[in-house]
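Chain lettering (A, B, C, D, E and F) follows the sequence in which the chains are written, and residue indices restart at 1 in each chain.
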Amino acid sequence: MTNTQQSPSNTSNDNLRYERGLARLREIDGEGGVKVVESLADIAPDFARLVIEFPFGDIYSRPGLDLRSREIAVVAALTAMGNAAPQLKVHIQGALNVGVTRTEIVETIMQMAVYAGFPAALNGLTAAREVFARAEVATRATATVTATA
Amino acid sequence: MTNTQQSPSNTSNDNLRYERGLARLREIDGEGGVKVVESLADIAPDFARLVIEFPFGDIYSRPGLDLRSREIAVVAALTAMGNAAPQLKVHIQGALNVGVTRTEIVETIMQMAVYAGFPAALNGLTAAREVFARAEVATRATATVTATA
Amino acid sequence: MTNTQQSPSNTSNDNLRYERGLARLREIDGEGGVKVVESLADIAPDFARLVIEFPFGDIYSRPGLDLRSREIAVVAALTAMGNAAPQLKVHIQGALNVGVTRTEIVETIMQMAVYAGFPAALNGLTAAREVFARAEVATRATATVTATA
Amino acid sequence: MTNTQQSPSNTSNDNLRYERGLARLREIDGEGGVKVVESLADIAPDFARLVIEFPFGDIYSRPGLDLRSREIAVVAALTAMGNAAPQLKVHIQGALNVGVTRTEIVETIMQMAVYAGFPAALNGLTAAREVFARAEVATRATATVTATA
Amino acid sequence: MTNTQQSPSNTSNDNLRYERGLARLREIDGEGGVKVVESLADIAPDFARLVIEFPFGDIYSRPGLDLRSREIAVVAALTAMGNAAPQLKVHIQGALNVGVTRTEIVETIMQMAVYAGFPAALNGLTAAREVFARAEVATRATATVTATA
Amino acid sequence: MTNTQQSPSNTSNDNLRYERGLARLREIDGEGGVKVVESLADIAPDFARLVIEFPFGDIYSRPGLDLRSREIAVVAALTAMGNAAPQLKVHIQGALNVGVTRTEIVETIMQMAVYAGFPAALNGLTAAREVFARAEVATRATATVTATA
């Protein structure tokens, strides 16, 4: 068993997946996503690498479904599951980052009332309110910097 | 309490919601969706009406998110929840009906491996295989009819 | 560790819980419930005993909530969870057995559309239809036997 | 598609559902429920209206199941699902408001240990403790006001 | 119905289950577990007794599966369910208490990414980080006491 | 966007992960597991590759947790989630394949009654009974072949 128990090596082609995944992570989640991954460094550094390689390097890098649709799908799923608020917030921001409008995000969450119940939709809207408010603060901050520059 | 316990009346404007909902249901789910609703007639006829009025008359009739995105959202959510196979199949067919491609459906389901685990994605693909196969049989049947006409 | 690892003994007072639980199980689920428990004899006989002792001997035997309300609560919860169809059917029958009406069962399930989504409610109604149909066959069979006696 | 994409109109009979729903919401959830709905005004005002119309105007206004049983059903379901703590608290208060006793609420939650596991029941009891404590503070405040009046 | 509605008596053999369960609870969860149970005294004292009797007196006291495997199973299940963070933390500590290593706990949680999705695994790792940090503070405190003794 | 939308290439190091994953899949799930993966060839061939690479090539190939514990963790999680019966059966067989005893599997599933409720445990035992029965038929078939050889 010792042979198969070796830690997965981390050479050439995995580096491609890692680089591709990291670029995708930055595109979708911005520096917030990178920070989430970095926060794993102390407890599960290999998992930080796997998060970049599989979801972002393998799945989000696939053709066949545009990024806007991918983010709508994730916002819908995490709202419906209702047990992953931190990740839902990251992906509401991710949806905004790839061009999904606030209205589209709110409609996606509202629709989940039909499939997962009103509490799931209400808690999804609470998450969206928080992300939208943060985005406004950031925008105002940038505007101030620009105005004073 | 008797006064508030009256059955909801079913007059003018509810008829608008009902008509609008029924049209939407036909557009998305075709005659299959209508049959699901009709099957409720024996056990919960009021629920048949509510299914048409709220999900289809109220939610699916809203502007702000196109039908393709709505169906991608539902396929994602029901795959992730993993406990509503019959409704997932109806909505995989619904997604096809409103122009989502097979590739897009498969990608949406595959992506759920990241958010709800591989078993959820595998069972979602099993549902898709069944719906796609049924669609092919229907297409061949139509082709035969056309060819022999 | 050997001392604490002994199989739980099955003496005096556990027998009280067991007897009390078995009576409660018969009262709620009838012979159907007894059969479910008996079906565990081959694979997990101790679990059969625990099912009678804890849920029925400990919980259902408590004062403070009448049996009708307990069965409404279970039908609601299992409909909402949506991943335990066999047990939902047993408890829809159990609800009928302790005097919950068909209308009350259907209303309880319909209400879950609000809290767990329409697919959960639709699948709950499918379970109810099956149990109600079986009950009618049983009633007709009894009627025939009585008529021919 | 433009025609069906119109926002749902809000005329005569929907007003009946809205009025009926709002009355029901006040009866069950008191001013707390109204505040939850009002908090949606900024992010999803239409959803605020839908929450009043469908769950309260359509479902809770139906005959066939008394309000006490409806609230027991909701407390059971939300305890079992375990992913909607804010709504569970609102409905524990709602149950108290329509005459369910503390003992009945505690028994309903305890019973969920059987159907959804001990963690779900423990977290449900934590929610109940918080609501009961708040109710006592409110009662004492009223008592003080009355005593000093 | 009055007869069956008597509160479960609490005599001889239940005392055995209770004593056995309490010993098991202390072995696995330490004083933290005892405190959780004690916190139920105000709202549901009977449930405190049932938590000790059934999970710990009946289930954890069974032979056939060693305690390390039992705690790995619980950490896996609660991570996957994703809706019981307080109990997950108690059992990560419990796993440490019965000799599961930090590495084994982290691997168990990481593996849940495959079966319940990356958000569930990420939130499980967050819980583990918190428990591990607390354990280090406790260890340093003990070390200081020992060093100064 | 065209550049990042290229399908993941499948060269050198991914082949290592694939080979390592395939070996692991055979070790745990035997030919049954290989068949599950092969059944994806028609609908989602890339997903078949990803199933081998990530769960088996990346996760199951990691040191730090022995295969027996990994399979106990999966049986626990899938029993608790209760919405993935086909995968639960595959992993009950997988647990047997890597040396977990029937008793240990039954105890793991029974324990889930505490964390996810009795219905989840009962449905897990139903899955186990089916897998155990199949294993016995296979053993008898082998015995007959050996006896007649």
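Quick note on the criterion: a contact is a pair of C-beta atoms (placed from the backbone, for glycine too) under 8 Å apart; a residue touches a chain by one contact, two chains touch by 3 or more.
What you are looking at is a predicted structure, and each value in this text was computed from that prediction instead of being measured.
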item: Both-way neighbours, i.e. chains that touch subunit E and touch subunit B; value: A, C, D, F
item: Set of chains whose contacts include both subunit F and subunit D; value: A, B, C, E
item: Subunit B on subunit D, rotation in degrees - Cα superposition, rounded to nearest 5; value: 180
item: Centroid-based (C-alpha) most distant chain relative to subunit A; value: C
item: Reference subunit F; chain at largest CA-centroid distance; value: D
item: Self-contact between copies subunit B and subunit C, residue sets same or different by half; value: different
item: Gap in Å, rounded to a whole number, between the CA centres of subunit E and subunit A; value: 32
item: Interchain centroid distance [CA atoms averaged], subunit C/subunit E, Å; value: 28
item: Contacts with two or more other chains, residues of subunit F listed in rising order; value: 46, 50, 54-55, 59, 62, 78, 80-84, 87, 106, 110, 112-120
item: Sites on subunit E touched by subunit A in the complex; value: 81-83, 106, 109-110, 113, 117-123, 125, 128-129, 132
item: Contacting residues of subunit E [partner subunit C, same complex]; value: 1, 4-9, 11-14, 16-17, 20, 23-24, 27, 46, 50, 53-54, 57-59, 61-63, 67
item: Subunit A-facing residues of subunit C, complex; value: 80, 112-120
item: Touch list for subunit E against partner subunit D, complex; value: 36, 40, 42-44, 46-47, 50-51, 55, 78, 81-84, 86-87
item: Subunit D residues touching subunit C - in the complex, by the definition given at the top; value: 54-55, 59-60, 62, 64-65, 69-70, 72-81, 84, 87, 103-104, 106-108, 110-116
